[in-house]
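Each of the next two complexes has chain A plus one other chain: chain B in the first, chain C in the second.
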Partner chain A sequence: MHSSHRRRTASVQTSQARLGILLLLPAMLLLAGLTLYPVLYGVWLSLHHKHSFFPQQSWAGLENYWFLLADPEFSESVWRGVVYSVSTITLQIIIGVGAALALNQYFPGRSLVRGIVLFPYVIPTVVAVILWKWLLNNQFGLINYGMVMLGLTDEPINWMGRTYIMTSLILISVWQFFPFVVLAVLARLQTIPTELYEAARVDGAGPLSRFLYVTLPQLASVLFIVVLLRTIWMFTKFDTVWLMTQGGGAEKYIRTLPVYAYLRAFHYYEAGTGAAASVVMFLLLVVFAAVYFMMFRREEQL
Partner chain B sequence: MNRRSAFFLQRFSLALAIIALLLFTAFPFAWMAATAFKPSQEVFYWPPRFFPEQATLSNIARLFEETRFLDYFRNSVVVASATVLLTLALATPGAYSLTRFRFRGRETLAATILFTYMFAPIMIIIPFYVMVRYFGIANTHLALVLGYTAFSMPFALWMLRTFFQSIPLDLEEAALTDGADRGRAVLYVVLPMALPGIIATGIFTFILAWNDYIFVRILITSDELKTLPIGIADLYNSSVIDWGMIMASGMLVIVPVVIVFSFIQKFLVAGWGGGGVKG
Partner chain C sequence: MQRIESVRQLALSVTCAILFAGTVAGAAVAQTKVVRVWHTETDPASVKAVAEIVERFEKAHPDIKIEAEALAWGDLEPKIQAALAAGAPPELSHGQPITCTALQQQGLLLPLDDVVKAIGESNVWDQIKQVCRADGKYYGLVHAAGTSLLIYRADWAKQKGLKAPKTWSDLIANAKALTMDTNGDGKPDVYGLTIPGDNLFINILVGELIAANGGQLFDDKNKPLFIDKRMIEVLNFWKELTTALPPGWEGHGYLDTFASMYGQKAAMMFQGYGRGASLIEKYVPKEMQDTDHFDVWMKPVGPSGNKPAVQVDEEPWMLLKGSKNPEAAKEFLKFFYKDENYIEYIKSVPIHFFPITKSLRQSAAYKEIPMVKRWGGWLEVQQEALDGDLAKPTLVVKYEDLNTKPYLMQVLGSGIIRDMVLETVVEGKKPEEAAAKAQARAEALIKKAGYAKW
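And then the complex of A and B:
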């Protein structure tokens, strides 16, 4: 069966390698020119003093990197990014897995509910942010109204103030991105053989132990990928964080690393320092990915 | 506890979970829509009321008359459509090639494509901006389209590759042995079968370009060239925040997303497999 398949593919996958390369070439040129080259150019920029607008530039060596190390705002932004990533990812996983388990059960209107739950993930970030800024508004916001009514707080909470702005940002981000976890986990749940559950039931396992000993091990592989991707995307998240900093509020307290890089490049016009900050961001992710793979690597992955 | 009541308890907690989930995800949208139809004084009612007493279209009217919302909308449509066309024009032959031809380095290339996921927009945009200025195309829709196409290319290739892989080679071969040349075999046999995948990939690309904020923020400075996400963010940044109008704008921006999203819901799982959903 396998060899006959080989032979068949060989006739379509003829020796027309040249045609194959030709078909792929435009896409590859675009990727090389507009993704790979900018990344390498970014590394080059990080080694130069370069104004973001004007063409002058001069060799800086590692000066931009020394500047970052000496700048307390830089280390604070890294730390904030870690806090932001860890807390949002933890909550996304908990809510996302819970939601996926519920949406995997049969109930009337299930596919509509699935669509609605996934929806926050596909809307523009700016809509997610203005929507929640309105809900969290300290004078007229519905959340404050509800919390006062329920007696959870005596006075309306200033959600954009210094104490709560990070909490608000985390809430919005979890709302916006947990559907990604739902999507991935739901896809995996649908492929778990039902015999496994029947066997566990015969062995007298209750719902909790069925979850712990049947479902969870089966989800391990998808959660491995999800945590990796979400870490990359949350640690480098710019738009949600940046839009939260707009229009007043204690924006200083949610400046994460990507926002720091942006400010360096487009407010201080130091393209070199901004590029250096994003190179550091990339290196931190590479280190994370390496450690992560060493710790959790599984045979069935990738 | 007997079996019956255990079953009842299970269904009851499921219902609670679903209600909580819907409240969390859908209610903010409902509140946005409700606010969008309220006249100004009702927006600030205290205690707040859910339904508008006198529903009005005045927020939408002001959005059209006093802001450039319609210009932004047109720009968004132009930029997102051009991105979809360019991405599909480049990625479809590319993905076909990745599944149907053997050449050295093919698998390495496929792996490299996946690796570009590590490059965040903020990492690409700073050098990209300097490059775009160098070529004199800063503040043009062309720069935006190129940026989005490059950014969606990895997932488009990856997702289309998955779809092409699922099309059996036999059909193509049958066409070839029947004397059709390769071009006709692709045009009449492969493409029709790959069409759902191509459409799904196109929709993911559309949503990405439609939703983007960072590329426009950095690449576009002229007001008349801005797309919707920036236009809305600017409404919010103005000195007096007109919540009714802002909620109306948010509601209108997501209408196209709702429409295309309802088409691809069934492809979302495949999209996940192909890494089509990014962000």
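And then the complex of A and C:
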């Protein structure tokens, strides 16, 4: 009786497990089809000479990777990507944390201001970039007009020309993405126990000390994730960068790694080299993430 | 156990329902032939004209559905690539003449001879017949042609007593004379010239300038000629022009240069087109919407050249092999080119779209288009360039280049020529140095693509 019950239970469990696998299968196939297959196809493509339009392809081994190593355009684009990522992330964190601290204080109209601060993050990238391009236009733009009127500059600044286009790109990107930092940090700030601040006050800590020794350590876990995610997203950022010039002359001066990979695949028609550049970008991020985790993961609070 | 059985029954019912719905929908779709049409005329008037032609066609052919999509130039080629890679190309698409030839040489296009026959081969302008043609077959059929134009402010030129520039030196002199400080603050607020900084337009311009300077971009063995004296002259000319160009011109797109022109910030536009007339009629004050204020000159000749050169914007329709309904697509094109339909399309940007059919161009209906009457001078300059064989597609110096240099598409996309110009003009490098770098890059690209014969 006992053994027959056990057999029945085992049979039910097996049947349930099969059903479970069956129900999971569509999601797993979808993931494999949409994530795993493109990644593996990209790696496979990077090992071939392949014209983007034409069907012919031939085995290249590591040739595409050697080509990248020797290509000054590639190394320049990696460097520009690093400049762009580090600058935008640093500014996003500083402005985002500052704004979150301000929005954590009570003041009349706080809810409205919180909503407005999120505005840049919710508008579509294409709209944001077009808007900024017109504002920064050196012949008709409002920003130059205002700066000249206020006497801040004698003549309009060429924000979209060689000298300032990277600065413009960084400012637009910071404007567009700092609300993400605000969201994450503000959520964490609202959960810090007020007792910690009261205790610090009793111990004679001023605002700066309270920020450095209470707020900042409490934010560490959130900032850890924010920096990681923003690094991945900014280093692989394509739309904002591309839309700034859409292949225009000054594109040369803001050509980051994702744009380089795109150009190789869709403008040089070298799908293999473009894929190799994407694989390198992926590997660079893996290395960064590994180092980042090794450096900060040991911190107890993370 | 009972619950598992219920779930099984539910899953079975849902699957049957999906299969049934799919079969019914599939049967409905099978009755209609869908023709996908990708074109690059994103002007709202052109989009509307295409939509109206499609509507009339579908009424006349209830078994065919046309899915027309207007795409920006930058989006078109990646989309064609993706479609070809997926094995699901559209039936019809616009493309650059050099793209059309490259696809044809790879056997990816179907001939459009039936369409040409329906239009009447003798009814098509000879200049048009040179685009994307191989082995006597038409693999591309131009939707409409329009040449680049040197647009200038006729009222300002008259005030300054300037005449049409015959040489590059004349053009530089005119541009300097038209760079003006109108508000007396000691700085120019009107620049003599405006040029787009886009990759495409820099390539177009270099192609034009080298032809106007009696040179070529590549020799018969496909070796780039970027370090040739004539190219160095082109780069030096461009460098001299910058004294009359607005600062930051390299960041200006094609439409920005039009904005400079009708926004009265520039006096000449080197890379203008007939669509400028439509923009002028849209954006400048009514009393200035005429050729007394905005007119065109034939482009000047370089120091080593003997005749002007312009680019002709003449993207062909391409019929892609592997698409599902090529025969239905041909029917659509035959309908599109019928005078009564084609004129609607031409009317959408009439000074930029030269009809490819003689019957339409010589018809009273075409000549009576109000804009054609108002901007006749602009059309005459284009006609002169087309008739005089001065107009060639992007990067093409001789029409044979289309068939003998299939790598032009890659050269254009690579930005090598754009970088050479920017390094000289914006970064201040010596023309010889920038040209040598571009030469090495272009040689590497052509070798890699397998076309080097030197």
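The rule is simple: the second predicted complex is superposed on the first by the 279 of 302 C-alpha atoms of A that agree within 3 Å, B and C clash if a C-alpha of one lies under 4 Å from a C-alpha of the other, contacts with A are read in each partner's own complex, and residues count from 1 in each chain.
The rule is short, and it goes like this: contacts are C-beta pairs under 8 Å (C-beta built on N, C-alpha and C of every residue); 3 or more make two chains touch, one makes a residue touch a chain.
Remember, predicted model here, so these are calculated numbers, not experimental data.
J.: Sticking to the clash and touch definitions up top, decide whether chain B and chain C on chain A clash or fit.
T.: Because the two structures are overlaid on the shared chain, the partners are seen to clash.
J.: If you tally the residues of chain A touched by each partner, is the higher count for chain B or for chain C?
T.: B
J.: With the two structures laid over each other on chain A, which partner does A:Val122 touch: chain B (first), chain C (second), both, or neither?
T.: Once the two structures are laid over each other on A, A:Val122 reaches chain B alone.
J.: Is A:Glu155 in contact with chain B, with chain C, with both, or with neither (first, second, both, neither)?
T.: second
J.: Touching A:Leu243 in the superposition: chain B (first), chain C (second), both, neither?
T.: first
J.: For A:Glu251, using the defined touch cut-off, is the partner it touches chain B, chain C, both, or neither? Pick first, second, both or neither.
T.: Only chain C; A:Glu251 stays clear of chain B.
J.: Thinking of the overlay built on chain A, is A:Leu263 touched by chain B (first), by chain C (second), by both, or by neither?
T.: second
J.: Is A:Tyr145 contacted by the first partner chain B, the second partner chain C, both or neither?
T.: A:Tyr145: touches chain B, not chain C.
J.: Touch check for A:Trp79: first (chain B), second (chain C), both, or neither?
T.: It touches nothing on chain B or chain C.
J.: Touch test for A:Ala275: chain B only (first), chain C only (second), both, or neither?
T.: A:Ala275: touches chain B, not chain C.
J.: After lining up the shared chain so the two structures overlap, which partner does A:Ile165 touch, if you call chain B first and chain C second: first, second, both or neither?
T.: Second partner only, chain C.
J.: Out of 79-87, 187-195 or 439-447, where does chain C run into chain B after the fit?
T.: 79-87
J.: Considering each complex separately, which residues of chain A are in contact with chain B in the first and with chain C in the second?
T.: Overlap of chain B and chain C footprints on chain A: residues 12, 16, 19, 52-53, 55, 137, 140, 246-247, 266.
J.: Which of the residues in chain A end up touching chain C in this complex?
T.: For this pair, the touching residues of chain A are 12, 15-16, 19, 51-55, 137-140, 154-155, 158-162, 165, 245-252, 263, 266-270.
J.: Spell out the part of chain A that touches chain B in their complex, as residue ranges.
T.: Chain A reaches chain B through residues 8-9, 11-13, 16-17, 19-24, 26-28, 30-31, 33-39, 41-42, 45, 50, 52-53, 55, 98-99, 102-103, 105, 107, 111, 113-127, 130-135, 137, 140, 142, 145, 175, 177, 179-180, 183-184, 186-187, 190, 207, 229, 232-233, 236, 238-239, 242-243, 246-247, 258, 261-262, 265-266, 271, 274-275, 278-279, 281-282, 285-286, 289.
J.: Can you name the residues of chain B that touch chain A in the complex?
T.: Interface residues on the chain B side: 10, 14-15, 17-18, 21-22, 24-26, 28-29, 31-32, 35, 43-44, 46-48, 90-91, 93-94, 96-98, 100-104, 106, 109, 113, 116-124, 126-131, 133-134, 146-147, 149-151, 153-154, 157, 169-170, 172-173, 176, 182, 207, 210-214, 218, 228-230, 232-233, 236-237, 241, 243, 246-247, 250, 253-254, 257-258, 261-262, 265, 268-269, 272-273, 277-279.
J.: Show which residues of chain C lie in contact with chain A when the two form their complex.
T.: Result: residues 1, 4, 7-8, 74, 77-78, 80-81, 84-85, 102-103, 106, 108, 187, 196-200, 202, 246-253, 256, 259-260, 263, 265, 409-410, 413-415, 418-419, 422, 426-427, 445, 448-449 of chain C touch chain A.
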